[in-house]
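Multiple structures are listed underneath, in structure tokens.
Two complexes are shown next, each including subunit A; its partner changes from subunit B in the first to subunit C in the second.
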Partner chain A sequence: MGDLDRLAMYTQMVRIRQYESRIMQEYHADKSPAWDIGAGLIPGEMHLAAGQEPAAVGVCAHLKKGDAITAPHRPHHFALAHGVDMNKMTAEIYGRTGGLCKGKGGHMHLFDPENHFSCSGIIAQGLPVACGQAMAFKRKGTDNVAIAVTGEGAANQGAFHESLNLAAVWNLPVIFVIEDNDWAISVPKDASTAGASNADRAAGYGMPGVRVEDNDVEAMFEAAGAAIDRARAGDGPSLIEIHTLRLFGHFEGDAQAYRPELETVNDRDPIPKYAASLKELGELSDDQIAAIQADADAEVDAAIEFAKSSPEPAPEDALLHVFA
Partner chain B sequence: MSTTTETRRITTAKAMAEGIGLEMQRDPNVFVMGEDVGAYGGIFGSTTDLFGEFGADRVIDTPISETGFIGAGIGAAVEGLRPVVELMFVDFYGVCMDQISNHMAKIHYESGGNVKVPMVLMTATGGGYSDAAQHSQCLWGTFAHLPGMKVVVPSNPYDAKGLMISAIQDDNPVMYMFHKGGQGLVWMEKNPRSIGEVPEESYTVPIGKAAIAKEGSDVTIVTLSLSVQHSLDVAEELEGEGISVEVVDLRSLVPLDTETVLESVGKTGRVLVVDEDYKSFGLTGEIAAVIAETDPGLLKKPFSRLAVPDVPIPYARPLEYGILPTRDKIKAAVKDLMA
Partner chain C sequence: MVRNATVGIIANPASSRDIRRIVARGPATTTNDKINSLARLMEGLAATGVSRVVSMSDAGGIAQGLASIAQKATASHWPELSFVDQEISHSPTDTINAARAMCEQGVGAIVVLGGDGTNRLLLGETGDTPVASISTGTNNAFPRRDEPTVVGFAAGYVATSTVDPAVCTYRAKSLTVTAGEESMGALVDVAIVDGDRIASGAVWDAGSLREVFLCFAEPDAVGLSSIGGHLQPVGRDEPNGLHVQLDATARQRITVPIAPGLIRELGIASVATLPPDTTVEVRAQAGVISVDGERSMRFAPGTPISVTLNARGPRVLDVPLAMSHAIQTPTTTKGEDTHG
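Now for the complex of A and B:
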């Protein structure tokens, strides 16, 4: 397991948060009319991962070149933490030719083969794909691993259970990461999921299952490190469920009327909490906080600028890329 | 419609929900289940206010387990209940198609007619708002291709309510495929035709009967769903240019009202089929076959069709509008037929 670099993890969390916050602003800024989901420079559905940074940062701190991630409909935090180019990713979200997918994919369909990163808008369906990537790593004799990310709601999908079984019976280097943010759109976990913890489900497939409480990035780092070491050593899959937080709506524009704990959401924000604990340890100063924030601001602003200056695709380009 | 009926202007979404609600009042065997159909009222408003009226026992939020709850709908229907189940986006058919095609649609036939599956599977279709390849498809041609399920495709609030009531009362499985862009949602661009006069009382619109949405004499547009709204806009515009367009709203694909189609084509001698589904192996080809099998001599001009050109739905707006059957493309295709 690599060394715990608290400052690096904090910095990455701030970077992701700045990204999600700015995309939120940009998404709404030029919507005209303001209610129209299809309008604006960023059209369509937008699922932001603010509050869920600890999940991505704790895992990706252990990843190396060649490791794969399949993310769900809420993918930005894992993409950024895994090294997907912020400029190209942003251009894709703006539907531009300079985007990762030339404007074909959009925010739920980001593909970065260089970093073995992909995501899908059909929930839990990235899990079997991660198993296949892990299978390829194993057959090629590398020690790379595949990270399969999904929400707690998606853990009730058939593909989730099929994938756990496959990974276990074939002893694949996969780590299943479940982001339990309490909600699947308007449905709370306890109304949809039998059993309090998805970590317990791992036992049914003979793999280790860990639950990380309190959206704790360091606990996530520990759990992910152990699971990834195990997978690299050829000892098979693991499952980690982190209790995390959906700081924003399910998608942008979600009024969240169904959400009784909305008032306390900001109090549970993991970033100020982590900053406070690092300050207490003497590992972070106010000056550093300001500098880290300024760097993140500049990087995200530049990515948005890059996206906006990238050309729009021509309508006839829609006919390209159906086949190789 | 009797003259004493109270009507008011409501959205397609509200009309659907009202149809379900009236059937729930009438028949205790009717219940609703699906993702976010409860307090949320359905992501596209199809169950608006039903949770408040009927409660969690009859308007059931499900886990994200489409194979599980669609299959459970089948089981409940087999035992005599009348479930109205929602598949949030039709694109999610991929995770549950076995229950739909191999079970819901085949049980009646396989059982030699002994087992009925009176359920409605309603689902959102269509694009136009940059939801990209996995959330923008129509796919009605896929369901209509597979035997054993009726397929209805409303284009306006009045039909949405009447077809819903017919679908619930039908003893067969009915796919009820509504277009997100035709729901009259406050958060999506909408055609004014997504809000319309709807009677308060219960009424039915027959499944398998097309409507002449607008009469005309030069060209027939055969279409369905949101493309009806676009086609009506185009027809009104072309009226000013001296072209008289008849718009046939199919309303249902299974059964298909070939009689109304043939009658209209026989009158105008020119046909354009507009379909937001993929072009090949689908509705547009089916209508061409119906005409060709009956009398190719009905047409004065070669058959014309406008559909998604066999590519997944792309994300960026210029790409998506490059492949959708927009008003401009419909207009150009009609003019080509008149040239």
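Now for the complex of A and C:
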């Protein structure tokens, strides 16, 4: 397992949070009328991952060049933690030609072949893809791994079970990471899922299933490190479910009237909690907190500026870079 | 026999899901396994005439699953089932609050589903209320491996006073570890480990172990208590405990299961009897304190750490002993009306 670099993990979490917070501002800045998701500088729906940083940071701290991630509709935190270029990613979110997919994909369809990162708005769609990537790694004889990220609601999809089955049968180097943020859009888990923990479901497929409570980045770091080491060693797939926190709505514009615990959500924010822990350990000072935040502000502002200055695609570009 | 006897149930939804599923070969006791164990427990309780069961509330699906079964016609003979009215925090506090509420209600026994960590949470909370445990954890040194149906019988016989709690329960030992101003309790072991990581909690890196204090040490145990079990066994009913100091370079070597399927060779620097009510200072200058196999507290250089063995654990129901007494009791023999 790799060394624990607390300062690097904290910095990455702050960077992601700043990104999600600024995208939220940008998304709403010129959305008129507010309910028209097609209006404004950032078209389409927007699903932000503020609060879920520990999942991405704890996993990606162990990844190396060539490892793959498939993420769901809420992908930014894993993309940034995995090294996807922030400028190109932001331009894609703005629908500009400088984006990862030349503006054709938007925030739910970020494809970065260089970093083996992809995501999809189709629930659980990334899991079979991750199995395919893992099969390729295995056949090539590399020790790379594939990370399949999904939410707890997606674990009720057929693709989830088919993927776990295939990964187990073929002993694939894939790690299924489930972000349990309590809400599948507006549906609580107890109304949709037989069995409270998806870690239990791993047992049915003969693979280890771990649940990380408390949205704790270091607990996630340890669990992910163990699972990734296991996969690299040829011992097959694992499943890790982290009980995380959706700090914002399911989508931007979601009033979250269905959410009785809304008033206490900010109290469970993992970043101030981790900062306090690092300060207690003497590994983080107030000056460092300010400097890390300033760096994140500057990087995100620059990415947004890059996106805004990138040209919009011409209508005829719709016929380019497509299969049919 | 006591009429209107009540039994409490505490089932930890989080047990058996930590990193030891990967780094060791820890068993997976699923939520549905736990619910099934509770259903078997309820059958045993029903058979002994317990009229009411109060269960911990949780957000892990156990309470919901048990309530769902209780509503079915096939469970119509079960004791009346209710749940502790408590705020759910998704933390160990839920277990502690449930135990307190049950004791305030005067339950005749409490049945705990979990491992060593779950049982530890009841330290100081249950007074003289008999506690029976069903193993659904990882190491399970403290809870015996009794079938839940039979635990239901035994807990029911005690709660209904069919058998005398004084003859089939014993006071468990416990350890108190003090770090500066703070202290914690343990039912099986206190360990001092290197480093400053709490992270996933479970102790599985044998190389990090420096000192282990044990309430009891059984040769057939899994977990940190197996270290003492392989060196100098100590029974649950003996007044003493054990103190082991480890050193990777020591000549004395033992090979023990520190988790299910995870066997490690350890170097032993010293082994000493741990007398009751005697405070022992910890040598390590910095590190992490683990209680019952879970890394729980960091301590900085210079923090004085001490450990004391005492007899302040829960009053534990000895299931085989309770059953032995029960079958000699006229009201439990065939042909008698056991429902009062």
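Criterion: the second predicted complex is superposed on the first by the 323 of 324 C-alpha atoms of A that agree within 3 Å, B and C clash if a C-alpha of one lies under 4 Å from a C-alpha of the other, contacts with A are read in each partner's own complex, and residues count from 1 in each chain.
We adopt the following convention: a residue touches a chain if its C-beta (ideal position, glycine included) is under 8 Å from a C-beta of that chain, and two chains touch if they have at least 3 such contacts.
These numbers come from a predicted model, not from an experiment.
**Student:** Assess the superposed three-chain arrangement around subunit A: do subunit B and subunit C clash, or do they fit?
**Tutor:** Fit: subunit B and subunit C sit side by side once superposed on subunit A.
**Student:** One more residue to check, A:222. First (subunit B), second (subunit C), both or neither?
**Tutor:** A:222: touches subunit C, not subunit B.
**Student:** So, does A:287 touch the first partner subunit B, the second partner subunit C, both, or neither?
**Tutor:** Touch status of A:287: no partner.
**Student:** Taking the superposition as given, does A:184 touch the first partner, subunit B, the second, subunit C, both, or neither?
**Tutor:** So A:184 only meets subunit B here.
**Student:** Scan A:36 for contacts with subunit B and subunit C and give back first, second, both or neither.
**Tutor:** First partner only.
**Student:** Could you tell me if A:319 is touching subunit B, subunit C, both of them or neither one (first, second, both, neither)?
**Tutor:** first
**Student:** Looking only at contacts as defined up top, I'd like to know whether subunit B or subunit C touches more of subunit A.
**Tutor:** Per-residue touch count on subunit A favours B.
**Student:** Quick check for you: in the superposed arrangement, does A:109 touch first (subunit B), second (subunit C), both or neither?
**Tutor:** In the superposition, A:109 contacts subunit B only.
**Student:** Using only C-alpha atoms, work out how near subunit B sits to subunit C after the chain A superposition, in angstrom.
**Tutor:** 16
**Student:** State the interface residues of subunit C toward subunit A in the complex, per the touch definition above.
**Tutor:** 13-14, 17-19, 21-23, 28, 30-32, 59-62, 64, 90-91, 196-201, 298
**Student:** Quick check: in the complex, which residue numbers of subunit B touch subunit A?
**Tutor:** 35-36, 38-40, 43, 61-68, 91-92, 94-95, 128-135, 186-189, 309-312, 314-323
**Student:** So in the complex, the part of subunit A that touches subunit B is made up of which residues?
**Tutor:** The touching residues are 35-39, 43-45, 95-96, 101, 103-106, 108-109, 120-125, 153-154, 156-159, 184-187, 191-193, 253, 257-258, 312-319, 322.
**Student:** Taking the touch rule as given, give the residues of subunit A at its contact with subunit C in the complex, in rising order.
**Tutor:** Residue list for subunit A touching subunit C: 4, 190, 195-197, 199-200, 202-203, 208-214, 216, 218-219, 221-223, 226-227, 230, 238, 243, 281.
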